[in-house]
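Would you mind keeping the following structure in view while I ask a few things?
Chain lettering (A, B, C and D) follows the sequence in which the chains are written, and residue indices restart at 1 in each chain.
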Amino acid sequence: MQSLLDQLIESTSWLQGLPVGLVYAAGMVIACNLVLVYASALAGETVWLERRVSGRMQARIGPNRVGPQGLLQFLADGLKLLGKEDIVPKTADKPIFLIAPIIVFVGAFAAFAVVPFGHYLVAADMNVGIFLVLSLTSIEVVGIIMAGWASNSKWAILGAMREVAQMVSYELPLGLAALSIVVLAGTMNLSEIVYQQEGWFWNWYVFRGPFAFVAFFAFFVSALAALKRAPFDLPEAESELVAGFHTEYTGFRFAVFFLAEYAAMILFSMVTAILFLGGWSPGFDIDLSGPLSRWIGALILFGKTIALLFVMIWVRWTLPRFRIDRVMYLCYKVLLPVSVVCVVGMAIQVLLAMTVFGGRANAFGTWLMGGG
Amino acid sequence: MSESTDTPAAPPADPVTERALAVLQAAIPDGVVAYELTGGHPWIQVRAEDLRAACWLLRDHADTKLDCCHLISGVDWPDAGEGGELEVVYHLCSFELKPEPGYGQRALKNDPWVALKVRVPRDPGEVPTVMDIWTGADWHERETWDLVGVRFTGRRELRRILLPDDWPGHPLRKDWEYPASYHGVPIIPPEGY
Amino acid sequence: MAERGPDLRSGGEPEGAVEIHERQEAVGRDLRTEEMVFNMGPQHPATHGVLRVAVRTDGEHVRALQPHVGNIHRCAEKIGESLPYYQWIPYLDRMDYLAAICNEHVGCMAIERLGGIEVPERAEYIRVIVAEVQRILSHLMAIGVYGLDLGAFTPFLHQFRERERGMDLLDHISGGRLLYHYIRIGGVKRDLSQDWLDELDAWTSEVERRMPEYNTLLLHNRVFQERTFRVGIIDRDTGVRWGVTGPGLRAAGVDWDCRRDAPYSIYDRFDFEVPYGASDIGGVLGDCFQRHWIRVREIEESLKIIRQAREQMPEGPVMGRVPKGFKPPAGEVYIRGENPRGELACYMVSAGKSDKAWRARCRGPSFSNIACITEIAEGQLIADLVAIIGSLDIVLGEVDR
Amino acid sequence: MPDDAQPGEVLLDPELQQSVILTKVQWVKDWGRRNALWPMAFGLACCAMEMMATAATKYDLDRFGAGVFRASPRQSDLMIVAGTLSHKMAPRLKRLWEQMPDPKYVIAMGACVIGGGPYSRYGYHVVQGVDLIVPVDVYLPGCPPRPEALIDAIRKLQFRIQERTGESLATIEAKTGRKGAGAARAS
């Protein structure tokens, strides 16, 4: 971001007259808003996408009356929720009840700051990118248990309990699967990780060795669980817990939960695309770093995100829900060992690449060791 | 199975009910008040105080093995006896004994069920429970109490099952009258239409 | 025990407290955490209507539960006493609104038996055909809704595709999509046309073609199997003791089907199998999976019956002679028939000299089936409780009548 | 203008009422409400099956944005009372309705909830009309109504929301202090 602003200041004469701090601050605010609006609109459209895709899968149509092909459906939903009565149950713990959606919202949206939407198109290009993404999304748990607790509803607390158990557990394989890519890449900076995958599609990290391939699936499944998407949607299992932790929330507070859920979906799809599927790299050797072509790159990343979202929707509308003990079984007895093996295997792979295959000296060694 | 469709000149006795009757008469000779072995709906009527003994027998005896209480119905006969009678009909069936062909003139050709009847005075209308003999009788008894007002004695608790607890009266009694309203919500009686 | 969870009761009446307390003593030996009492329903997506289940849970485990019914008690028996016989038939439809034809069938049989009315041959065949169509529709719904209970939304909507076509079939002959009033005392409302029969053939082959699709989504689905294996076991003893009938009892290994073992109407003329639970189909005897499997198999058997009935069906009238001002002689009748959910029994008492029944009593199979969850759901997870209620496939209209 | 003033705007200055911006805002608000009627997943009896059929494959209520069946009353706008309402259920229905946030709408689906239907005469336990318990916006006759009829009812409700600036009968009742149809006329 800073580099982008620096470029801007250099090329624009009237900006040079202003104090640098002011330009930076204004740039940051604008960038934040852009990211927020982009993420929110995308989340809204994901709801539409989900309804249309699920409709197609279920031999029906889905929303198609509001706007062209029902594209404005999310706007109608949002406007309606905005205008609803805001009920705080009498027995609820009011301050916590009111704060909880904000925390969930922050957890889901703040992580977008470090996610590059394209070449240079990133709000904060941090060297701890992936680490920050994982830690910020964990904040959501706090908001959810606050919501469940403060609602003073039995369904809500049960949903929150399930949610916390599930999310905290699945952070482990999620983090480890991401770690195996960090081992390969040698950096936690998300943009840097994408640069390393540029070129032909076999440079994508998912194809660099068996461990990365397995780690991709471990990451995606764990992400599904952390996102409480079906078949892991136990915290809001409608047939069991009415609506889970947000049973008592009305109007816009509920909309915030709803939006945060879809924003997190987009976030994880994007992060998966960046970590494993080459980010904005189209899969063949082409330079997309130009000021105009970087938007093409952004579109490519967008396409990959949508593809992953589609897979999430597909899975959701196909599988029945797991039971809580099976969810925990899957986490601790399947995914966790698998991702540990991935990390260790990846370290060995990088080590072998450095020693046996001659490191950066030959192409195969470079391919095998990535940036590590 | 084909001969069962033929109707003989004299209506034959129903074999299942006949066997049940033999079992009952051997064990509790005074218990059986009346019975009917022919026709579409054979039945045995026992005294209310012997009902539980009869039920235990019918359930456990090797000849009958009526292991399922299919239905308990209460029938109100306000004109019978002195001051009216309540009749409780137990339809018992067996999944243990396989049906045999040639079951006479029953409603259904070979359907192993037995109808056991009890008649008690309308007031207080007390019948011993059979809930401990067939667990499933629990809800049927509660329903019979709820709608017909048969008081089953000796069971855990007898409360309404379908209607709210403060509902007035038992609707399937012939002299029950429609209340004007329930908790402020009006009920229009049939004459009001 | 000084500390006890709140009461499960609604209005302060002494219900179930003793029993639950005793059970708690039994399970209370292991470590217990603070218990909560939930009210599942009457508005809850998993209770299939307006059933209310008071559940006492310890974390995710069900410690005790008490079903409360009666929320749509619609006085069908009182109406049966108050209206002439022929006017009662539509109310039978509304008792089990997912198997209206089967209800009509049994009810009409009872009334016909009471009045000694003969039903023409063709009408009997038509009754069997529509009753089996209804059974398939009901089982499709049961399968779909079970998927919904377990979180799989798609099978539910997919089955509606076939269900809609089947409902259209019945719509063509009766004029109603859900409640038909097609079977009348003495026969059926109107004859089947050749076009209708062709449509029926198309539909049956469509259902046959689609069934593997549903089985892929549910029956053979690993996640589904994990949810239903060894869950909510109703063994033979429990089932018979509580009066469970239908697929619930057959899953427990009881080889009993009224259609075959106590044939009513003309079911003894058809060759069909009665699927019953076995240990080699997966899961254990009497668990949720086996109940689901029985329903899937029964759809296939119903298709068989429909085809046979369609081939054997003779020509002739479809309405027998019913005297005007039908007044059956004094007497009683007890008829039971196999509904999709279990055995529907109809006990009717006629006092004679009247066109109204003295007592019209119906045994809704769901009434007995749901009573047994008190016993089988204890100690299961909440998610399993949903699976159990779903697998029993209750219709509240029939529980409450 | 004061004659057909909307109840929600009576406190405003008449001149302000005619301002373009305010009308547009109101229009947008209604547009949202109209197109996102989330029904509560709440079925009582037979009609609930037809309600499900309406939401399912062939009829697909989701086309109108009304297919998001919420299990929690807190998140639903529309209560489709589908089926027979009994005296035992009535207090619970009332409570569910009270839990729904404003603006909320009620469709009485089926003959039973309109006036007791086939059970009105001898059904001692059937409430003879859900409007004795909660205010009803759209009455939908039939036993059970066909899915097309339910779609029509929802379309009618949508048009009504747009015409009457989103005020549900409940809100109007609260504001005018009059009950049922009288309140509708008063608005």
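A few points about this structure:
One rule holds in what follows: a contact is a pair of C-beta atoms (placed from the backbone, for glycine too) under 8 Å apart; a residue touches a chain by one contact, two chains touch by 3 or more.
Everything numeric in this text was worked out from a predicted model, so none of it was measured.
With centres defined by CA atoms alone, the chain at the far end from subunit A is B. Top contact pair of chains, counted by C-beta pairs, is B-C. Distances from each chain's CA mean to the overall CA mean are smallest for chain C. Mean C-alpha position of subunit B lies 23 Å from that of subunit C. Chain centres here are Cα averages; for subunit A and subunit B they lie 65 Å apart.
Separating the CA-averaged centres of subunit B and subunit D is a span of 46 Å. Taking each chain's centre as the average of its CA atoms, subunit C and subunit D sit 32 Å apart.
Counting partner chains per residue, subunit C shows two or more touched chains at residues 44-45, 70, 73, 75, 78, 82, 157-158, 161, 400. The set of subunit D residues that touch two or more partner chains comprises 41, 56-58, 71, 88, 121-122, 124-125.
Shown for subunit B are the residues in touch with two or more other chains, namely 162-164, 171, 190.
Here, these are the chain pairs in contact: A-C, A-D, B-C, B-D, C-D.
In the complex of the two chains, the subunit D residues touching subunit B come out as 87-88, 90-91, 116, 120-122, 124-125, 127-128, 132-133. Interface residues of subunit C facing subunit B in the complex, by the touch rule stated above, are 10-11, 13-16, 18-19, 69-70, 73, 75, 77-78, 81-82, 113, 240-244, 249, 254, 256, 258, 261-264, 268, 331-336, 343, 345, 347, 349, 358-359, 361, 363, 367-368, 371-372, 375, 400-401.
If you check the complex, the residues on subunit D that touch subunit C are 40-46, 48-50, 52-53, 56-58, 71, 73, 83-84, 86, 88-89, 92, 96, 118-119, 121-126, 143-144, 146. Against subunit A, in their complex, subunit D makes its touches with residues 28-29, 31-36, 41, 56-58, 60, 62-65, 67-68, 70-72, 74-75, 77, 99, 101-103, 166. On subunit C, the positions that touch subunit A within their shared complex are 36-38, 44-46, 57, 59-60, 147-154, 157-158, 161, 217-218, 221, 223-224, 226-227, 381-384, 386, 390.
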